[in-house]
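The next block holds one structure in the form of structure tokens; read it before the comments.
Should a chain be cited, it is by its letter among A, B, C and D, assigned in written order, with residues numbered from 1 in that chain.
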Amino acid sequence: MILETTQQALQALFAGSVPANGAEAGSPRGNGVLTRDYIIHGYHLDAQVAVDQLLAAVTILDQAGFFIESITGVDWIKENQLEVIYDFSRYDFDTCRVVIRTRIPRDQPVVPTISTIYAGANWHERETHDFFGIKFAGHPHLVPLLLPEDADFHPLLKDFKA
Amino acid sequence: MSLTLLNVIVAVVIAIAFAAANAAYLVWAERRGAARIQRRPGPNINGPFGLLQPPLDGIKLMTKQLMIPGGADKILFMVAPVLAMAPAIMSFVTIPFSKGIAAHNMEIGVLMIFAFASMGAMAILFAGWGSRNKYSVMASVRAVSQNVSYEIPMLITAITVVMVNGSMDLKAISLAQAGGFWHWNIFPSLHSPLMPISFIIFFICSLAETNRAPFDLGEAESELVAGFHTEYGSMGFGLFFMGEYANIVIGASLTTILFLGGWDCPFGMFPGVWWFLLKIYLLIATFIWIRWTFPRTTIYGLLNLSWKILIPISLFNLLLTAGLLKVF
Amino acid sequence: MGGYFSDIFNGSKSLLIGMGITFREFFKPTVTVQYPYQTLKMSARFRGHIELIADEEGNPKCVACGMCQRACPSGCISLDSVSVDIEVDGKVKKKKVLSKYDLDFTKCSLCGQCVENCNFGAIDFSKEYNLASTRKEDFHFNLLKRLEERNA
Amino acid sequence: MSAPIQLRPDETFILNVGPQHPATHGVLRVKMEMDGEYIVKAETVLGYVHRMHEKMGENRTYAQYLPNLSRLDYLGALGYTHGHVLAIERAAGIEVPERAEYIRAITVELNRVASHLFWFGAFVMDLGGFSPLMYAIQDREHILDMLEAVTGARLTYCYYRFGGLYNDVDDDFIEAAKRFIPRMRKSLKKYAALVTGNIIFQKRLEGIAPVSAEMCRKYGATGPVARGSGINFDVRKNEPYSVYPEFDFDVPVYHECDSMARYKVRMDEMEQSLRIIEQGLEKLPSGPIMTEKKPKNIKLPVGDFYQAVETARGSFGIRIVSDGDKNAYRLKLRSPTYSNMHLFDEACEGMLIMDALAFMGSLDLVIPEMDR
């Protein structure tokens, strides 16, 4: 039930441009909403949005009563891109896991913060900043959380050498 | 003159020895008792039943370096442990262990013990302030507000007893209760029908006055690390520790004298010092038992208990007793 | 007002119940094991550090294939082998013989991947748990030497 | 007690709770701005035991990564390992024999009881009562003995394998577990009388540290913290995995939102876990404990996989991004206490320090799990 309404609401962001459902995550694909096989992937909706659509997409989920699971990044060094992945889930029995992802160029990794919508995104964003160097524009306190205070390295980048 | 001086010296030495021995072996008893409650053996390696543990602990503490934190108020820091121990020892002077055993009997014994007891709060305040540690300061402020609020019901209850017995002399109070347990102050009489409740109030207050669990807010280890003695090591800590146990002995002795007939035998036979010791050690065992059963109260719960429950009831009891004394 | 007194009464009652429980516990026997004086037997599946297993002749069963070394997540096994000529039925054959088997126990996480990946049953967990030392070198085990010591 | 207060900024002082402090149960630091005993503002500082498990996940093969998972949460390690093996099995499409899944569920629930028992003891110790900790450890010891006999370790188990288990349970284990259940129920009654009913304990927790359901949602709190705020969320029920649909158990939910509610949730959960263990032992099918073709050198298909499980502390999630190699391209661990602890900063504002530290205890923190 919530699956369809959320899908429609997210779909509306893209005004019709729907990518093929068969495209695998990991390989480059266009922005849009995909439904995933829960049995295999463990989540239902997979939406790749442009950076400027991010806040709109998260707001949709916030209004639909989703809670934030985590935020993380992936370094796609071959495509010279960084990906930020947002996981959302629900407390009720209308199970629906939504993944929002957005891709940004590696040399200018800036995404808007969603800690204004979800207060709990604060630490997740700080952690992602620690590990990938992704800057969250508008974040109130973007200092290293898990790494030392003076850390200027980003260990989960694929070109990181210890 | 010289005989009096000798008397005083002997009395002080005995008082210090008694206090120190009690403090040392009450620690052992507490550790063994706590261990039994928790189904462990407790200290049992050094000597038979671990009886050598307290002296060895003492040696360990004495051989440690006395550290004074940088920026601490040196004088207050050094004075505080002494101030914790000394009043407790002084209080022993006036406690009558039996008819003939008392270092110095005073007509105002009750007053003197309370006067010395309130100096304990000062020791904690000095220690907390002098250590220059935020936890210590918070702990000492807590402990002082606690001591102030529990001294009131304690004193009111003591006054009730003093009124009933018509004396502030501890010996006289004990003697007034002689001749079997039905004469003891703990049991209700015509003049004081609420005495059992008074006893409970007095007991709770002496727990709180000695900063024992569940009222150990001054050292609240899970919140304030170790409270007012966080920065103390070596014998500074040792003195606080001994002072605490000496205060427990004082509290138990006072409870025994005021409510349990002092050295009187429950059945009117063989009165003597053994009855007194039996009573105070039973009370101390209860102290230990309580400590290892209950969690700690909160600071507001503690103050609520004092101001909303103990003080009204003890005041009511005082007025009732006064009225009944006037009528009958 | 009634609530005031019933609160006091119920509160005191709950305290007495708690004291009753600790009182009963006081008289129950202790449950601890006095460790250096008493010890427990390790269970059969206890995973200590690994040991080499000897065959009937006392030589290690290990054929130095290196599976354990590759499986180890922490890289704490290092082994080496030499080729020796042995005579089997009058013919000289080359055979790989284990010459070194070192375990760096400081890195080991006792996961058991090495034992699981060994196809020859040549290593197994020991039941050793008294492994305290202040020196790091004490945890670099030469398993081959330990095996010889056990054989002796 | 926890009413907000007004004060001038120059009247406050900074109190560093931690990194070494008895109440933080590990190396966690909370920088508190205090006004006397009231907290004005708190900032949690993490990362003192950060070990970068996620990078290790990229460097090691999936099988080599197994021991890492039990190093996350040393009290309830099996739950985390369960999540990992389930994620790999889901992605690689490995079928697990039923007996193996039953044994997994039984051991996970035993581990959950052990974890909650230790939490219970430590929590009461936070409040100043020491004896319950010892009683809890006694009961926990039985569980650890049982798990040691099966898995070979007492804390960092590393027992599950992709497609099954490391080794089978024996009759001794089943007997011991059957003996354990009634004994544990008796102990739970003892705890209820000794601790839950105690007036001092109740006064310390009731109405203290309210965490609203909305706050839980914004911070992503799960597990007993969410359930103590009236949210009926348990991954075992909401997204059934393993053999949990076969079991009849309830999810305890309390609507008071205070520390007492969180405490009661965990105490009730132990009882429910015992029910699951009981049913599991009864239904335990015979058969193999490993898939017929034991998977070696697992390579996952290209893709992005997520698996959530309910651990003792909440919903643990593991995300594996695979590029088809034998180790993960990216491995993300979503630890429940990380989100649960996050709301502490906001929730403790205006609280007394002793209430705040009791609140912190009620969140059930395991620092290595938070820092990863």
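Keep this in mind: a contact is a pair of C-beta atoms (placed from the backbone, for glycine too) under 8 Å apart; a residue touches a chain by one contact, two chains touch by 3 or more.
What you see is a predicted model; the values in this text were computed from it and never measured.
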Can you name the chain that lies farthest from chain B, using the mean of each chain's Cα atoms as its centre? A
When centres are defined as mean Cα positions, the distance from chain C to chain D in whole Å is 26
With centres defined as the mean C-alpha position, give me the chain B-chain D separation in Å. 43
For chain B and chain C, let me know how many angstrom lie between their CA-based centres, rounded off. 51
Between chain B and chain A, distance of the C-alpha-averaged centres to the nearest whole Å: 63
Among all residues of chain B, those touching at least two other chains are 37-40, 292-294
So which stretches of chain D touch two or more other chains? 131, 135, 138, 194-195, 198, 200
Touching at least 2 other chains, the residues of chain C are 15, 18, 21-22, 25, 31
Dump the list of chain pairs that touch, please. A-D, B-C, B-D, C-D
The chain D residues in contact with chain B across the complex are 1, 13, 15, 21-23, 34, 36-37, 124-131, 134-135, 138, 194-195, 198, 200-201, 203-204, 352-355, 357
Per the contact definition, I'd like the list of chain C residues that touch chain B in the complex. 8, 15, 18-19, 21-23, 25-26, 28-32, 34
For chain D, which residues are in contact with chain A within the complex? 46-47, 50, 52, 54-55, 58, 87, 90-91, 93, 216-221, 226, 231-233, 237-239, 302-308, 315, 317, 319, 321-323, 329-330, 332, 334, 338-339, 342-343, 346, 371-372
Which residues, counting only chain C, touch chain D once they are in their complex? 10-12, 14-15, 17-18, 21-22, 25, 31, 43-47, 71-73, 109-113, 116, 125
Within the complex, chain D is touched by chain B residues 34, 37-40, 134-135, 138, 141-142, 213-214, 216, 220-223, 225, 292-301
